[in-house]
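Shared between the two complexes below is chain A, which pairs with chain B and chain C, respectively.
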Partner chain A sequence: MTQAEIKLCSLLLQEHFGEIVEKIGVHLIRTGSQPLRVIADDTGTSLDQVKKALCVLVQHNLVSYQVHKRGVVEYEAQCSRVLRILRYPRYIYTTKTLYSDTGELIVEELLLNGKLTMSAVVKKVADRLTETMEDGKTMDYAEVSNTFVRLVDTHFVQRCPSVPTTENSDPGPPPPAPTLVINEKDMYLVPKLSLIGKGKRRRSSDEDAAGEPKAKRPKHTTDNKEPIPDDGIYWQANLDRFHQHFRDQAIVSAVANRMDQTSSEIVRTMLRMSEITTSSSAPFTQPLSSNEIFRSLPVGYNISKQVLDQYLTLLADDPLEFVGKSGDSGGGMYVINLHKALASLATATLESVVQERFGSRCARIFRLVLQKKHIEQKQVEDFAMIPAKEAKDMLYKMLSENFMSLQEIPKTPDHAPSRTFYLYTVNILSAARMLLHRCYKSIANLIERRQFETKENKRLLEKSQRVEAIIASMQATGAEDAQLQEIEEMITAPERQQLETLKRNVNKLDASEIQVDETIFLLESYIECTMKRQ
Partner chain B sequence: MASRSGGRGHGRGQLTFNMEAVGIGKGDALPPPTLQPSPLFPPLEFRPVPLPSGEEGEYVLALKQELRGAMRQLPYFIRPAVPKRDWRRLPRELKIRVRKLQKERITILLPKRPPKTTEDKEETIQKLETLEKKEEEVTSEEDEEKEEEEEKEEEEEEEYDEEEHEEETDYIMSYFDNGEDFGGDSDDNMDEAIY
Partner chain C sequence: MAEVKVKVQPPDADPVEIENRIIELCHQFPHGITDQVIQNEMPHIEAQQRAVAINRLLSMGQLDLLRSNTGLLYRIKDSQNAGKMKGSDNQEKLVYQIIEDAGNKGIWSRDIRYKSNLPLTEINKILKNLESKKLIKAVKSVAASKKKVYMLYNLQPDRSVTGGAWYSDQDFESEFVEVLNQQCFKFLQSKAETARESKQNPMIQRNSSFASSHEVWKYICELGISKVELSMEDIETILNTLIYDGKVEMTIIAAKEGTVGSVDGHMKLYRAVNPIIPPTGLVRAPCGLCPVFDDCHEGGEISPSNCIYMTEWLEF
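== the complex of A and B ==
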């Protein structure tokens, strides 16, 4: 774990879970797996605090535990999982686009609470939706359950590993920590629950819920006494599936930018057909025949078979090699080269960074070196058609920032510098790693700056919150406009200006974080798939 | 070391590689010497690309801020406990909980404890505790508290032992302290009957 990653994890944990959890989490990330007592001693926190912090971390899948020999339980932190906290808004928004508000709230509850049983999720979401609906309407549990089942079917939500139900064959003492197992088949198996009920408003009590006054209340109390039917079956959000979806989205939009809308639709269809059949780390999708693709095209697209074939040929011939032809049966078998696509996306990201940071001439040189793989300095000037002095300057700038590297080829065995070829080359993997590290640092800086800005204006923020609370309470009790005006004037105009500036800055910093996280996703996916290949 | 100083003497200014290959030809001006550390924020040559705006961007932004606020309210956000104070510098009556465990005193004091006064003590302790709501109590710490409450009561009993004994008898001990004073006072008023 690099220092930048650890710093970022520390900031994220502190913002979302508080300082104690942050201290324990960062300690575990730094030192690897440790038992409970050692953690307490090393960090100097009381045992109770450590226990609470570990409970929170395990609940949110940030820390895993394992029983070692002699019954010692060791805890290990997952640094990469902590960094996913940055992406939570993106997961929730994606669910919203696919499954509307109900799905959005389901995934939000699962992410905020780590793990939940299905009945708990359904109840919470129904209550929240009922809050936002008009008076008198309530959200039915059945609708929420349906959306939940759909999410599980498309693998966006999966079951957590559960306590194994062993018949007590060994009458020894129970192990200090359960070894949770999960069966592949069971991961997406929804238990048969009949959840009957409607969402409840928080403040409604008996007045608003028309038609269910006293009959509901005794039922509600008995619900608490009945054993929950799906006790022990916990669900969590399946982040890998979301990542797969993001990757597909990126590929489709890349094709749309490079060619046109129709070809992107074809690629989207192909990806959708291989969603569940292809694992997320496969280098390419299963081969799909042109006939199958034609049948699965969305209804609105009335292109003939011949046009489809032409498009497919075009895609397969494209130098970017997103789509490849793997055979001729069935009208032509086509695959999508996932790894190649990710590599192209990562390269495009690098090119874009060079362009925005150093200018378009530098970008031209960068693309040239990428194309030629190894090239001498003299040849760079000739091919790029840039004057020698500028070209040298740009090459060295990119070299010093580690976007490029030098390859030495000696002519003589004594490696004399005057008799050695120096070739410029771009190693995409190492450049991607370098850029990823810079991204982590950038986000850490953005978060720190945002916290600094908020702290600077803390007094003003508190004052404005108080004023808002006063106005709200006065409006509730029915005050005149003149009084409200007076209260509002408690915040002077320059203070209002300051608040506006603060809000704008914080929004900008937040939006930047989200943007950098998208880059991180692309780079991490590329690095992961390249490492797997090797 | 010897070779280096030797090299400095003759052949000074010669580099190991051909300067022209690097790009500094003969007679070219070298870049100006750096006299101060580089500035904290290097000047930006190119302005960054504007952030994506639009419905999606704003929605995700609002989501992010909402999530941050929501997570602070959840029970998973553990707040650090208030630090312990130095009790030597504050008046003793403000001390609510005694951190030191005084288990050894329990057995000695229990039989002497009259029921009426302990109830008063418990009430005052609880009243003071509700007043000092600043410290967030943990469930395990509450158990400790209950233990310490009992110990605190016992400790207080030890301190106010005198008064307890005195209250049993309904008169202050000093009233009966020296028999001489009592006798001396009454000698002056021989006229009044002694009840």
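== the complex of A and C ==
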């Protein structure tokens, strides 16, 4: 793991889980897989705390364990999984657009708690939704369960691997750590639960205070008499499916930009049809016949079969090469070229970065070298129609920033510089990696700046929180307006201004983190699919 | 008893005679004769006499010595040229020869020196002489502005030396190229707009948004923004720069020979397009464009906490 990645992981773990978890997590990321005692010794924390920290990390799928020979259990951290924490807001927002508030809260609960049983999720979400509803209305468990089942059907939520039921009566000693298995077919199988009930409003009474400590354990009931019907079946959010969805979104919007709305709708239909049938790392989707596509078009779109065929032909002939024609049966079989699409998106990202950083002339040279693959300096000047001096300057600048590389072709065996050809070339994979590293560092910078801004104004924030608490308590005990006003005036106008600015800045930095994460997603997908191909 | 040695004096042993014979032979074979031919003609003459005769003819400037893959060729020199060079001496003739051989690309003075093995001062004197006699001229090269190439007076300098339509007086006309660039793009963009608004079936829409290079060329000529006559290849180079800008895409279709603007049976079509992604997330953050990115780390001179770019950006 690179320095930048480790730094980013440490910032994320600290922000979400605290100091101790951060220490253990970063140690594991740095040193690879280690057994429990070694972790405790190396980090100098007590065994108890290490156990608790590992508990948290395992619950959130950030650390996995394995039993090695001689019965030693080793723990390993997944750095890439830690970096996914950045993307949680995007996952939640996507679910909101697809399944509205209920789905959004379900995914949010799953992400925040790592793993949960279905009944626990349903109960929590129902309670939360009831909070926001008007007085007198409550959220029915059945509705939440329905949404949950729909999420599982579209594979956004999947079952966690669980302890296998031992059929043979093996009297041997239990292994030090269970090996979790999951059957392919069971991954999306929802147990038949009859969850009847309604969401409860949270009342500020002692009943809740007693319920709180129990909330930490994964199986909890406020009613101790009833056993949980689906004990042991835990669910987690299926991040791969979300990534597939993001990738599809990117492809559809690219087609919409290059062609028109109708073409992008056709591509969206094709991708939707191949959601379940194609694995996420396949280079092409399954071939779809034009008749199938026609039948699956969304209801609002009434275009005739002929027009659909024309659009499909246009898509297949477009220089973008996102859609290809693989046969003629069924009115024409079409596939979507996923790897090519990801490569085009990654290349477009690179071009956009070059354009913003160095200017549009540099972008012209960059695209020229991309197209010609290998080209000499003299030819660059001729093709790009840029004066020789400026062209040279730009080429050297891009070379020094590692967007381009030189290929030497010697004319003589002694490699004399005056008798060697120097060709400029762009290696997309290495440029993408370089840019990805830069993204990680940028996000780390943004997080640090956000924490710095918050720390700077800590005094002010604390003061405003105190004032709010005083006002709330006074309102509860029924104070007069005049008194409330007096308390509110404790915060002066410039301080209020400062608070406003602080809030705006923090929001801006947050939004910017999410935007950089979009770039990270495109680059990572491209690198992953290229590495798999090789 | 003395033996009388009779030296048989072959006829035609007179050197002048030999020379005349050789000249006659050259006139017979205007492409040049080899030594073998002369030997065949006059087998009774010794090699040495032959050599002397040929040398005399060469120095008088009546014969040209050429090298071919079979050996040496002697050719009669053009009488008019021979007249021109009457006043000059051997060295000048040599230099003139070298310049003539360079054709319309011209030759640099240092190359003349290499080929003729004459010292620098001599070369300069000769070049000045030839220039004053209006036999050669100097043309400034576009590649290296200090270099002067020499070529014969009446030759048109080659395109690679003057740079063609994009150079005027050795200066690259960037504004001219920019203006042409924008005009071509506007033309293609408006064509795509009208095609999109026509709302017909997609095939026709797409096909009408294409413009062939011939159409663009006609449009630019009619616009009249160029003082220099532009050919279709020039317009195609401009359209290529638009492709490298990512604003235009090109396809090649097969076209009948007779149709206007087709070259070798195919035509190039161009169409204005939009970029496929909006500016990416990284460049919306100040870190993506920061020039001192590599020096930035927490606790250093440049750090996220005191980054001036971030402060400016947050104040927007």
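The definition used in the following text is that the second predicted complex is superposed on the first by the 507 of 534 C-alpha atoms of A that agree within 3 Å, B and C clash if a C-alpha of one lies under 4 Å from a C-alpha of the other, contacts with A are read in each partner's own complex, and residues count from 1 in each chain.
The working rule: a contact is a pair of C-beta atoms (placed from the backbone, for glycine too) under 8 Å apart; a residue touches a chain by one contact, two chains touch by 3 or more.
Just so we're clear, the structure is a prediction, and the values are computed from it rather than from any experiment.
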(request) Considering only touches as defined above, state whether A:18 meets chain B (first), chain C (second), both or neither. (result) first
(message) Going by the contact rule set out at the top, does A:279 touch chain B (first), chain C (second), both, or neither?
(response) neither
(message) Contacts for A:508 in the overlay, against chain B (first) and chain C (second): which applies, first, second, both or neither?
(response) both
(request) Figure out whether A:260 sits in contact with chain B (first) or chain C (second), or with both, or with neither. (result) second
(request) Check the residue A:417 against both partner chains and state whether it touches chain B (first), chain C (second), both, or neither. (result) first
(request) Figure out whether A:386 sits in contact with chain B (first) or chain C (second), or with both, or with neither. (result) second
(request) Name the chain, either chain B or chain C, that contacts more residues of chain A. (result) C
(request) Could you look at A:93 and tell me whether it touches chain B, chain C, both or neither (first, second, both, neither)? (result) first
(message) Touch test for A:353: chain B only (first), chain C only (second), both, or neither?
(response) second
(message) Touch test for A:400: chain B only (first), chain C only (second), both, or neither?
(response) neither
(message) Just to be sure I follow: which residues of chain A are touched by chain B in one complex and then by chain C in the other one?
(response) 356-357, 388, 508, 512, 514-515
(request) Please name which positions on chain B make contact with chain A in the complex. (result) 16-18, 21, 23, 45-46, 48-49, 51-52, 56-57, 59-61, 63-65, 67-68, 70-72, 74, 76-81, 138, 140-141
(request) Would you tell me which residues of chain A are touching chain B in their complex? (result) 15-21, 48-49, 52-53, 56, 59-60, 88-90, 92-93, 108, 112-114, 356-359, 377, 388-389, 392, 417-418, 422, 507-508, 510-515
(message) List the residues on chain A that touch chain C in their complex, please.
(response) 250, 253-254, 257-258, 260, 262-263, 306-307, 310-311, 313-314, 319-320, 344-345, 348-349, 351-353, 355-357, 360, 363-365, 367-368, 371, 383-388, 435, 438-439, 441-442, 444-446, 448-449, 452, 504-505, 508-509, 512, 514-519, 522
(message) With touch defined as at the start, can you tell me which chain C residues reach chain A in the complex?
(response) 166, 172, 174, 177, 181, 196, 201-203, 206, 237-238, 240-241, 243-246, 249, 251, 273-285, 287-289, 293, 296, 298, 303-305, 307, 310, 314
